[in-house]
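One chain, subunit A, links the two complexes that follow: it is found with subunit B in the first and with subunit C in the second.
Now for the complex of A and B:
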């Protein structure tokens, strides 16, 4: 009987052989370049390993212990969190306001949408380089402009000052990616049926009441999904940060990805195991946050159906 | 009466948006302007965007002397290769995931969904280790393979969603005509998926053209294989004071992707709006 069942599984696999052949390229590519690296990183994080090609030595959890005592690791952890806390609400909130304004038919609306969207399609690493010049304290146009208006009497060193650089990066990141979040919100707004608003108008609601009492509650599940997507994107700021500040000045913009990159690729003695441990530690923290958010999304969905 | 009030609101809205869009696009206007100005003029003329005379020599310097002709070729080859490979593998797997039940399907879908949240910092060290063991670093093919295998779950899910929605009759009638699994896919199903292929191609084109970390670490030992953003970082590293050269190089690097976007806008917006609705 057991043998028969086994045979039927083999027979099923054989009838479905084309399905597995079709899956093969994806499994090979994603397996090699996404799934295997995640698994391998866990192993690497347990090694003392000083360069590609060198064999690593197993040292157990020592890398994690060192991380725990490394102020620069906690600095990069903190920078990533500060970036998240400022950048995510700013991007999600501003994008909602813009989506509400852009959601309609009026002259030039397509032009405006394209204009807001333009930075999204450009290369983040090139934008990072260009912004170094645009924000330059001696020749950059932004400082020309604010000096001319007289808001400040000396140039602002947006990227060269350790207390300001991270917030400048937040501003550039929000500018760069806002357009994509506007599109998300517009897609969400279009799911709201017109008659809901008509009903609210019949009840005498004004525009502000309609927004807070009708639009926002309907958008709640979208808010959570859009926030989740934005949080994930805000932890992936390597391209912009490396080209904008390289993590400086004085590590003030060194986010986790830059910390990993520095230890793995640019230090004199690479510490690949240590860098892997930092990546694993941080990924675990992000996964935890994402899991909580997904849990909330499903809870709210259930609660709304009751 | 109502018409008038609407007009006032609309006018205010248009004015506010026009101001915002001007600010939003200003960096690009400044970039193009600086790329046509002389070095002194960028500093002395401050906010004036109109160059005194158009200096094309900045572009010649960036294109020829700084090697951006070569970076452009590398970026184009890597981008085209990645688009072809991603369309190929995500159409195949999207098709079977969207239309068939089979042993292991849930596992594949689950793993794909999980890859959506994997950060690059976590994968880059094993990718480089693996690729250098196979001799794939310092090669365009290596960059293409690594880009095609990271973060393409969205493309697969787009295909799967589309193929799921196609009526069964199409596949059945093809089978009645004697077409096998393979022929049904290539001569009936794939041609019908034109819109998704367009969206996936456009999205992949943009991510591949704009990709940075993988081309950066794959070309540490081979400057001749650098892509545009990697070359850009190297250029300003050694010519930090050449503002107009930097601006010309950045304009050269961004122009293709911006032009591409203007023509393919529709597919792009549909792609990302579809992603959030799912």
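Now for the complex of A and C:
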């Protein structure tokens, strides 16, 4: 009986062998570069290991206990949250407004669409480096412009001031990625038939009423998904932040990614185990947020019967 | 009282003119149907009345006020769309009261109007549902309900039955006819490409073709006295049979001979043109043809196909010049394929058109068709 079943599984595998052969490269790549690092990180987070030489001693949850008591970890956790709270609504909201405008027909609309999308295709690290020059307080064009026009009388140290740097980074990140969100929204807007707007027009709705009482409610399912995607992207700003501020000044822009990187690779005494613990802890937090969001999406969809 | 007046309206998109010099007057409480082949401009004309499409030339007046530059919401019209165009995120009740809410109508009045409309359309038990939970027919009723709640003086229907299946189309058509009786003062304009809808619903039909009006008249006028060959072929199902003919102008009228030499008993008169008349077209409706002996035949042909439809049979004949003729016969007909059939029609029921397609007056037909 058992043997028969075994045979049948082997036989089925053999019948579909081509499927598995074609799957092999993908499975190998994902296994090597995604699954293995995740599993390895979980293991490393339980070790006292600097990342060099033989893996260190197994110390259980000690790394996690250290994290819990590390004010700089909580600083980076807070920075990531602040980044999320400001950057996500700004990017999602601004992109929607732009999408509604760019969805219309007016001269040079394609040019504007392209212009807004252009930063998306540039490399984040290069944006970071270039922005350092552009926002430089001693000769950067932005400061030159706002000084010349008299908006300020002292140069603004966008990236060098601890109270301002994180918000400057939010602005740059939103600008860099706005275009892709505009594309999402424009695709979402295409799903609303023109008839519905015409019906609203005949019902006496003006442009603002059409937006808030027709467009926005119809877009709710898209809003939830686009927000979810943007939240996840906003937790992953390593390349931009490293080149823009490197986490400084005084850890004021040190988001989780930078915290992990600093402990794993750039401190005098690297602590790969500790960094892994931070990464795993944060991944769990993000997963939790995403899970809550997905739960809400399903509930809202069910409730709205969309 | 005139509800809508359309004066020399034209429409062009850039250099392409899609509608030219359309004029008509629509009385209050009238049920007007715009009908025509696809692309004839009927929906465009409706949308221009609604204010959803700009007018390039001419004027549209509603209740004696020129509305060319008025936005759709200020024209006092309600519209029912082919796709229903319901707000997917609102319940049936919210869909129907949206315009009232925007206008600031009190809740008690909103509810009263919704309940009235809902009971008229048998929607009372669906008020809390969303469009997604309704069938196509129910959705279209909600769309009609939205128009009723508005209490607009003019209802515009843009092919409202096209998305429904055949059975539902018939029953909804009857519902619309009943609705018209109940809302006797409401002017309704209805766009369709389906001539059955046009014939059954309309007080008057406007037949459009290639962006201009071919004829305006009651269903009977259009059926019995088509002003030209296009109308003759468009109104009536199956379409009128057309036979090439030659005309002989005599003192007491014009007679016609078909291509294969058969004589037509009818005598015609040109309505207003006096041009040279040599050849043209004879038209006979499939329902007017009868089987006869060879010597009195107007048309002779061989049976191609017999379509049995229950109460009638539709016989397709091919005649010598290669064209086909359709005949409606009562009851089942057993005619062998290829067998020869001779047909005649009462002289009063034969139509003639000149080379330009313009109708001639049939002098054997008692009623006057000069208009």
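The working rule: the second predicted complex is superposed on the first by the 302 of 306 C-alpha atoms of A that agree within 3 Å, B and C clash if a C-alpha of one lies under 4 Å from a C-alpha of the other, contacts with A are read in each partner's own complex, and residues count from 1 in each chain.
Rule of thumb we're sticking to: a contact is a pair of C-beta atoms (placed from the backbone, for glycine too) under 8 Å apart; a residue touches a chain by one contact, two chains touch by 3 or more.
The shown structure was predicted, so the numbers you read here are calculated from the model rather than taken from an experiment.
Asks: Using the overlay on subunit A, decide if subunit B and subunit C clash or can fit next to each other.
Replies: They fit: once the shared chain is superposed, the two partners occupy separate space.
Asks: Would you check which partner chain A:241 touches, where first means subunit B only, second means subunit C only, and both and neither mean what they say?
Replies: neither
Asks: What is the C-alpha-centre angle with subunit A at the apex and subunit B, subunit C at the ends, nearest 10 degrees?
Replies: 80
Asks: Kindly classify A:108 by the partners it touches after superposition: subunit B alone (first), subunit C alone (second), both, or neither?
Replies: The answer is first: A:108 touches subunit B but not subunit C.
Asks: By the touch definition at the top of the document, which applies to A:35: first (subunit B), second (subunit C), both, or neither?
Replies: first
Asks: Could you say whether A:214 touches subunit B, subunit C, both of them, or neither, answering first, second, both or neither?
Replies: Second partner only.
Asks: Check the contacts made with subunit A and report whether subunit B or subunit C touches more of its residues.
Replies: It is B that touches the greater number of subunit A residues.
Asks: Quick check on the superposed pair: does A:195 touch subunit B, subunit C, both, or neither? Answer first, second, both or neither.
Replies: A:195 sits against subunit C, while subunit B stays out of touch.
Asks: Which holds for A:205: it touches subunit B only (first), subunit C only (second), both, or neither?
Replies: A:205 contacts subunit C only, not subunit B.
Asks: Enter the shortest inter-chain Cα distance between subunit B and subunit C once the structures share a common frame, rounded to whole Å.
Replies: The answer is 5 Å, the least C-alpha separation in the overlay.
Asks: Can you list the residues of subunit A that touch subunit B in one structure and subunit C in the other?
Replies: none
Asks: Can you check the complex and tell me which residues of subunit A touch subunit B?
Replies: Residues 9, 12-13, 16, 18-20, 22-23, 25-38, 40-41, 44, 52-53, 101-102, 106-108, 111-112, 114-119, 121-127, 129-134, 138-139, 141, 144-145, 148, 175, 180, 183-184, 186-188, 191, 222, 225-226, 229, 232, 235-236, 238-239, 242-243, 256-257, 260-261, 264-265, 272, 275-276, 278-280, 282-283, 286-287, 290.
Asks: Enumerate the contact residues on subunit B facing subunit A in the complex.
Replies: That would be residues 10, 13-14, 16-18, 20-21, 24-28, 30-31, 34, 42-43, 46-47, 85, 88-90, 92-93, 95-97, 100, 102-103, 108, 111-112, 115-130, 132, 145-146, 148-153, 156, 180-182, 185, 206, 209-210, 212-213, 217, 220, 228-230, 232-233, 236, 243, 246-247, 250, 253-254, 257-258, 261-262, 265, 268-269, 272-273, 276-277 of subunit B.
Asks: Along subunit A, where are the residues that touch subunit C in the complex?
Replies: Where subunit A meets subunit C, its residues are 193, 195-196, 198-205, 209, 213-214, 217-218, 220, 304-306.
Asks: Quick one: which bits of subunit C touch subunit A in the complex? Just the residue numbers, please.
Replies: 50-52, 71-73, 77-79, 81-90, 98-99, 102-103, 130, 132-133, 146, 150
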